[in-house]
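Multiple structures follow.
After this come two complexes, each holding subunit A, first together with subunit B and then together with subunit C.
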Partner chain A sequence: MKWLIAPALLAAVAAPWLADPYTTATLARILVLGLVAASVALLTGVAGLPTLGQTAPFAAGAYAAAHSSSVGVVQLLTAACVGAAFAALTTPLVVYARGVVVLMITLAIGELAVTAASRWRSVTGGTDGLAGMASPRPLWGLPVLDTDRARYLYALAVVGIVLCVVVLLLRGPAGMYLRGCRDDEARMRASGHPVNAYLAIAYIAAGAIAGLAGSLLVTTQQYLSPADFGFDIAALLLLGVVIGGAGSVVGAIAGTAVVLAARDWLSGLLPGRGPLLLGALFIVAAYALPRLRFRLRSAVT
Partner chain B sequence: MDRVDPYLIPALDGVAYGLLLFVVASGLVLSFGVAGILNLAHGTLYAIGAYVAATLSDGSWLALLLALAAGVGAATAGGAALSGMLAAVPRGDHLTQALLTFGVALAGGSLLVMAFGAENLPVRVPATVDRPVDLAGHAYAGYRLVFIVVAAALALALHAVVNRTRAGMLVRAAVDDPDMVACLGVSPARVRLGVLAASGALAGTAGVLGAPIIGPGPSTAATVLLLSLVVVVLGGLGSVGGTLLAALAVGEIQTLGVALAPTAAPFLLFAAMAAVLAARSHGLIRRWSPA
Partner chain C sequence: MRGLLEVDALTRRYGSLVALDRIDLRIGEGERHAVIGPNGAGKTTLLDLVAGVSRPNGGRIRFAGRDVTRLGPARRARLGVGRIHQRPAVWPSLSTLDNIAVAGARHRGGYRRTLPEARKLLSSLAIPDVTAARLSHGQRRQLEIAMALAGRPRLLLLDEPAAGLSAVEFSQLSAVLSELPRTVTVLLVEHRLDLVYALADRVTVLRDGQYVATGTPDEIRASSTVQSAYAARQPEAVI
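Let's turn to the complex of A and B:
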């Protein structure tokens, strides 16, 4: 799969010159959700905490970014800090649980965050949403990102940098510890590793990544509403992560792109029947994926 | 007394709401605790019951009984069908189970909207209880009082079934040690079928009887699923009593909490979850993490 990365990167950079502005904006949104999916993959695949709740720090970061400065870097850092802070606050809810219990708790966290977002009108604009956010400039002195192409390239650059950092970190001891916690927690504990502390760090880091993606959402979409963080988005992300191969952070972005493309294609196919077809897609994927993965694995070995 | 007075009605509403959540959430506890399945389509089963009630109800007791039979039957069949669909998924594969049940919830919700329209449907309650009752100087909806009595009876019955019958013994054993239950010759597939059907029946019962409280509409399934998830998180999987207590607490937060502090209710749910989970993080939660 490695040989695919270079051409994919080339295509991603060239895309805004080849596609129309609408497609470019759609691609930018895919990148943003892909970054959230990467944080889901970090928790679900690498650390072994299956999550449906990364939309919550994503939302926290997005609303923080919408109220912060018009300089991209400051906005990104604010959003990442708020996302991390949200994750830190909810850490005790998540890191002591394992398996399906995590799935349930994170789902409740995500849903409650959406409910809170639709009630806290003074900050979030309620269900009407927030609109008319000014486009930021990436750094002091640089021009404002006023075209779809510029915003897309900005998102691409940020996502690329974050992914490189995450992948590099996961190749080192950090990744090894997390995979150790996932595969054999008892043995990690026996060798003196503070498993819950590792998981807490991973959870907070994933919250920071999701928060950062929230800032990108504000930049690329320039509109926020609680529907951007709904349960269906969380489920789409999880499906994207599973398709991308749960352990792979880069694969999560590819998987999310496939899922979002399928969703848009399906809802265009039969207008008004989108959710029905999407539900069918989930069911088919649930049956087809394990077999597909098994076949791939046996083909490799 | 004057200070308590305005909150009497919300508090009583909270009891009705909490008992409704208890019936739904105990279905979720069953499928989650016994079969290890996070059934994201549980709210959809409730919605089926509520839609049946809205369609059949015409203000007579006979119609309510008919709706109860039809709604519970449909939701039970739905639960059994889910169990059939989940048969191909290995027991420990939570991600695939979640994706599958979410797909069912999405498709099912869309089919319900296609069949019944995208509006919130009104539900008629039997005429004899469709009038306000005088309660310490306040008018209170008669149906809700009846509902409180019926749901309390259901809770008692559930407690008796779990603690006094052979089926209940099996359920408790399967929560404690599913592998040992399988070793003793009880087929896990049959346990799953029974549990999901029973869980569907509970959701359907709640849907039909609770339709005048949480009515059928496009967002019903999500609301019910979320609130019953919070109940399960708060109450744990240990006992019927724990679930009941948690459900009443969530009911009060959703009604009395909203009356006292309108904007803080979702945050209150967060806070309650955080407090309970932090308190039991080292003791109880170990017991109910299946992995």
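Let's turn to the complex of A and C:
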């Protein structure tokens, strides 16, 4: 799969010159949601905490970014900090639970966040949404990102940098400790590792990543509404992670791209059946993919 | 005598079942102490309580002069309680080497600083450095022992290390255990009595959660109480 990364990267950079504005906007959304999916993969696949709640720090980061500076880095850092703070607050609810219970708790957290977003009108604009955010400049002294192409490339650069950092960290001891917690946490404890502390750190870091993605959502979409953070998005992210191979943060982006493309194109063919198709895709992914991957692996080795 | 491990009146119940009933145990620094008894005697329960994996319903555990009854398993591990499980527990998605290095990391200032020692431990085993998911049962058992040793334990808890091993693996295990330095105190639960008698300084016998006897291997072998404790439950047991 590694050989795919270079051409994919090249295509991603060239895309805004080759594609029409609508496709560029779709690609930007894939990048943003892909980054949230990477945070889902970090928790679900690497640390073993399956989550439907990463839409919550994503929303927190997005609204924080919408009300913060017009300098990109400041906006990104603000959103990341707010996402991390949100995760820190909900950590005690999540890191002591395991398996399906985590899924239920994070689902509730996500739903509460959407409800809060539609009620807290002074910050979020309620269900009408929040519009008219000014385009940021990436850094002081740089020009304002005033075209779709510029905003897309900005998102691409930020997602690329964040992913590189995450992948490098996960290749080192931190990734091994988290996979150790997922594989056998009793053995981790028997070796003196504070499992819940590790999971808390992973959960807060995932919150920061999702929050940061929120800032990119503001930049690329220039409009926010509670619908951007609903249950269907959470389910779509989890599906993308399952398709991308749960342990892979890079795969999560590819998986999200597949899911979004499938949803948009299929619902064009069968109007109004989007959720149904997504559900069907979910079932197929859950049943067929592990077997398919197993076959591929046995065929290779 | 003050022991490295002192267990007083330790009791553990599962519902109405008393898995361990007011058990006392003293293990001195450097001692090799075996616990034997038929299935269901409470041996694993005892190790779980000493490791901090489960909490007693009564009684106290002192380790290295300190009351650890209320400490969790990770804290006790950092104090020097190492353990291998009845079913070998390793991290299947990590490589053999990384399993050892991660297991030792907390005791040796991090993963990277543990790598040299992990390499040494790995080279002393006849195990390839592959993803641990691909190791056999016997290899996982050896790996988990290396993982426990990477943590420089003062007390090593071994739960039926010989179970499911081939003859070759069994003799490798005997060699590894008999070569452990006396700085490591051993609490060994084992069904293979040849291993127990070869290794142990003292043996404690449990049955149905009750204390039966403690003594040297010779005393235990000769004891009629012990014979009947086994005979009552496991007429086929070799003793």
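Brief remarks follow.
Methods note: the second predicted complex is superposed on the first by the 301 of 301 C-alpha atoms of A that agree within 3 Å, B and C clash if a C-alpha of one lies under 4 Å from a C-alpha of the other, contacts with A are read in each partner's own complex, and residues count from 1 in each chain.
Assume a contact is a pair of C-beta atoms (placed from the backbone, for glycine too) under 8 Å apart; a residue touches a chain by one contact, two chains touch by 3 or more.
From a predicted model like this one, the values you see are computed outputs, not experimental measurements.
In the superposition on chain A, A:T115 makes contact with subunit B only, while subunit C stays out of contact range.
Contact with subunit C, but none with subunit B, is seen for A:H193 once the two complexes are overlaid on the shared chain. Of the two partner chains placed around the shared chain by superposition, subunit C is the only one that A:D184 touches, whereas subunit B remains out of contact. Between subunit B and subunit C, the partner in contact with more residues of subunit A is B. In the overlay built on the shared chain, the residue A:D232 is in contact with subunit B alone; subunit C does not reach it.
Contacts of A:P173 after superposition on the shared chain: subunit C is touched, whereas subunit B is not.
Those residues of subunit C that touch subunit A in the complex are listed here as 51, 53, 72-75, 77-78, 82-83, 85, 89-94, 98, 102-107, 110-112, 144, 147-148, 151. Listed in rising order, the residues of subunit A touching subunit B in the complex are 44, 50, 52, 89-90, 92-93, 96-101, 103-105, 107-109, 111-112, 115-116, 119-120, 231-232, 235, 238-239, 242, 246, 273, 275-276, 278-287, 289-290. Partner subunit C is touched in their complex by these residues of subunit A: 172-173, 176-177, 179-180, 182-184, 186-195, 247. If you check the complex, the residues on subunit B that touch subunit A are 32, 36-38, 40, 85, 88-90, 92-100, 102-111, 114, 222, 226, 229-230, 232-233, 263, 265-267, 269-270, 273-274, 277-278, 281-282, 285, 288-291.
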